[in-house]
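Consider the two complexes below, in which chain A is the common component and chain B and chain C are the respective partners.
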Partner chain A sequence: MAFISSGYDPKEPMKNRISDIGPRKYDDFYPPVIAANKGKWLYHEYLQPGVLVHVAESGDKVFTVRCGGARLMSTIHIREICEIADKHCGGHLRFTTRNNIEFMVDEESKVQPLIKDLESRKFAGGSFKFPVGGTGAGITNIVHTQGWIHCHTPATDASGPVKAVMDELFDDFKDHRMPAHLRVSLACCLNMCGAVHCSDIAILGYHRKPPMLDHEYLDKMCEIPLAIAACPTAAIKPSKVEVGGQKLNSVSVKNERCMFCGNCYTMCPAMPLADKEGDGIVIMAGGKVSNRISAPKFSKVVVAFLPNEAPRWESTCKCIKQIVEAYAADARKYERLGEWAERIGWERFFEKCELEFTHHLIDDFRDPAYFTWRQTTQFKF
Partner chain B sequence: MAKHPTPMLDQLESGPWPSFVSDLKQLAEARAQNKEGVEFQIPADVAEDLLGILELSYKHGRTHWKHGGIVGVFGYGGGVIGRYCDQPEEFSGVAHFHTMRINQPGGKFYTSEYLRNLCDLWDFRGSGITNMHGSTGDIIFLGTTTPQLEEIFFELTHKYNQDLGGSGSNLRTPSDCIGQARCEYACYDTQAMCYDLTQEYQDELHRPAFPYKFKFKFDGCPNCCVASIARADFSFIGTWRDNIKIDQKAVQAYIGGEIPPNAGAHSGRDWGKFDIQAEVIDLCPTECMAMDGKTLKINDKECNRCMHCINVMPRALRIGDDRGVSVLAGAKAPILDGAQMGTLIVPFISAEPPYTEIKETVIEPIWDWWMEEGKNRERLGELMKRQGLQKLLEVTGLNPDPRMVQEPRSNPYIFWNEDEVEGGWERDINEFRKDHRR
Partner chain C sequence: MPSVDFMGKTFTVDEDGFIDSYDNWCEEWVQWVKQQEGIDELTEEHTKVIQVLQEYYEKNGIAPMVRVLSKVTGFKLKHIYELFPSGPGKGACKMAGLPKPTGCV
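Moving on to the complex of A and B:
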């Protein structure tokens, strides 16, 4: 493994340096039919789950075949995607914001051979490499975060629960039977780099034990004032501790004030929270980002805690399936999950989804909590 | 024979959904065989060690990654996230496992040639493991060592005309929806605007000078496919001010069942015959639609452009022609004080290049305010909450507008400014006492 230089000279880092050039320009990569008809599209239609046609003013059509992918992807897999794009699509492809891969062709006759090819490819373990679907009133791919694969603050894994849940929801990835589209998202901790807080169903990793204090190292590893300031509930105070006869500067944590956000750990590595029994999953439901019919909404906590059942997260899968089936059976056409819950009332939502309502689900975080309690005699028995 | 047994991860190879475990295994095998004779610049067994340490996390129920160290490329404060594992002896291949964020092209369109180039570079100088794509939108190169960072950056910029994305307290890599490239709903060219602003603010993107992260996202219409309204400090959402264009013949075709509603999105179930009254007119949130005989009438002045009718009948109804964007500010995920949606601060503004008005009257004055007043790790939305929407209007000179609020305040605790009150606040108590005895 001899080091091979790119041409970069560490002694003269500014020599021939190119910086601030930004991304490649979008239109470098447009397929010809996109470049020719940009801004002149008339309408679109789903020909079958996973297949769209867009028709332009010129009469041109672009047929898109969408397929699911794990966002964690090897170069081997990307090269296979490239091979498919070369074979069917003149070397063009795109990804969606929800980690799907889209192959576009300019003639209808090219669609079925492309689908056949995609559906025929399987991993050695037996799973599909490129399942076609993820459109319309169905359930598309789960957007998610890194989890145990690459992050330092997660309370659950990401790729594993996503794989398990998508296996459970697979039929609906390939179908259009839902009342409206249903978006599932996963964030492996409260930082939510996945911004799951406006999803029909959100899977959120959550800690339940306050930080441990690595007193011997805390002052060496952290800026104590920053760790104190990081706490949203002011549960952290400076303290002096004695370790092995030595007086050390450290912090103390008022455990009953801890909301387990992990913000202190982000600022101070000597305050880890992660714990096998403490960590697990919160299920939230009823959020949306679209302005269609009703305003965008936050997801609400409907299950306070499910354990991390690696490797297949059975309770999480079961709970999500329950919510999906209750929604599919009861909601009206075009009604998003949150709109359905609001129409029937949350008391009915818990009943229909067969979920237990516990005290954890009543908001007690600061002023806005009051306005989430029911302040009317209008409720259902 | 795998380097580390992975009995738990192996259970994620079954089932129909694409298995990341199978994918990582095929990478591990390919690197072990190295048929192409690549002179790997980081350990060949990186994928095996990643599987191994992930298996350990599955066993322990905890992550094995440490806090990021300060690594990066010269002159940039973002784009690289340092990552080290806490079991470096057993999993030496991933002892150093830094992430690089590669600024994705607009709309995430690619050619196979370009992606292969990236794969060649990443097989040679990195783990061969990626995210396509990260949550913010970047292509993520997952796992390389410190000495490779400059080499990768040098090759990216010199060979592939490609820069890194943002991380840390700076402008994060902006992202956009597919927009006019392939969507008839797009009210402006999201990709053009995203690219222009990304280029304009390269300094802000690469060199952290902000109190915290800052996100731009570009949605072509109120359907919000990139979720800008929920997660961007500035969300630019396409809209129009004139009338929805109606093709009455196509309306009749929907009513007659010749065209499936909602572009065929409900094809998996028999929902019965399309009923324009129940499915469109009665669901209109402003009740601004009606059938007048065989003609669909829309009172466009009352329309709030929710997109429902257009979504249901895309061949009959089209967005208007007087187009621009609405700007919303301050959205964020829950850390720390709860999640916030974006607040409407500009109902309508032109989205035509060179976007001068948006840059000079919206983005830059608000950045100046946030950089002056924002506390360490305070997002724009939190500053707005702390100092008030009024303060944002004051620093931008934007006029207050009922469109900016859900409802007017229900408490009368108005913080009047002295100059708003006739005669000011300075008064003579003795003059007062002439009429009002103690």
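Moving on to the complex of A and C:
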């Protein structure tokens, strides 16, 4: 298509430039019942998985229907969301912090028609467009990252594994059978964008080979001291190399000190490390962010490596299902996965989830590693 | 990588318009970036920022942190943006011929 100007004049880029206006104020978009009762809510209930009702002091009620979203969406899909909101909710809707979509109505009679409408919509391939669920003690949406769609440092894909895992866990999206919330997150490299370090189950992209060095370009493209400082294990040092008879500034990597974090590639484009066979997935478990009963926890590595198996990541799905089922069967009510594992002991966690314990799982990063070893005789055979 | 011909010189640039190597920087490059960045007139202040960046890069191998650039030049960040509308990274570093900023930018 030919170029169509928005009115911006590239010859005078600062003319009529509007900046620092921030986002639109949230209350511009409140449904009337939310605006009228803001700060005056008395209590709430789950009517069924995916449906909440909040009751205000005035007696007003707002019914919220939550449905899954793929997070990565086309404008056509957004328009369909808007069309549903226009039809049922007076044009109002919201997205949750886990990228689910919430439609709000002010009368109970409007709830079932809305659910029926949402559940009736499917993509041509057969997937639900708006599956209702994601509330209470179930498994809600997976917080995830960019993966092979858009990022340059990933060790795995994001949207692909998330779709595969949510297919596997779909029944729990629409159910409340878990002992407590079970949050699943994914990050495609250990930058850990999102919530993998604090989720009940986390899927994490992982490399297993040191970076390759493009000596010819390294000094031109990179600020060498930054690449050196990016390394958490000090495996990188400056060096001079000879390429085609020319002495060039570059770096050298001590491979036995490298743990393949990829931080140096983030800082220096001449140090790529992605590798088809080397890259894969690490599974972590037991994190949480809430303060309920126990303090927030970091998730811990429980599976050191699973291969990338595009497009369905079978072994990742199987492993997660295994952990979910063991937790659902054994944990007490209100017990998050991390609380359960700590109560029964991690040796029992590995036994119940039928996971193999390997030396990779033993912390060896600096002084704090010591505190993760067991300095007691208290353990179970 | 694409190249640009400007004032009788040829520069190799990446897709964001950063020069391929600091060694290929020259006065013509400044004029080229000036035109690309929508800067009307190169003042002494522009030159000072570029000079500080280049001296720092030659000495230390990295671009200075924004606070360092501010302190050495005496220009507040706001003023640096007035000089280089794209900012110290995309504007000034590009004009000074430094490598493209990396990391989560």
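Methods note: the second predicted complex is superposed on the first by the 380 of 381 C-alpha atoms of A that agree within 3 Å, B and C clash if a C-alpha of one lies under 4 Å from a C-alpha of the other, contacts with A are read in each partner's own complex, and residues count from 1 in each chain.
Following the convention adopted for this analysis, a residue touches a chain if its C-beta (ideal position, glycine included) is under 8 Å from a C-beta of that chain, and two chains touch if they have at least 3 such contacts.
Owing to the predicted nature of the structure, the values given are computational and were not obtained by experimental measurement.
Of the two partner chains, chain B is the only one touched by A:F123; chain C is not. In the superposition on chain A, A:N191 contacts both chain B and chain C. Contacts of A:Q246 after superposition: neither chain B nor chain C is touched. By the touch criterion defined above, A:Q375 lies against neither chain B nor chain C after alignment on the C-alpha atoms of chain A. Touching more residues of chain A than its counterpart among chain B and chain C is B. In the superposed model, A:G136 makes contact with chain B only, not with chain C. In the overlay built on the shared chain, the residue A:E12 is in contact with chain C alone; chain B does not reach it. Shared-chain residue A:P269: touches chain B and chain C both.
Looking at chain A, you'll find residues 10, 13-14, 191, 269 touch chain B in one structure and chain C in the other. For chain A in complex with chain C, the residues that touch the partner chain are 10-14, 191, 220-226, 266-269.
Those residues of chain C lying in contact with chain A across their complex are 20-23, 38, 57, 60-63, 85, 98-100, 102-104.
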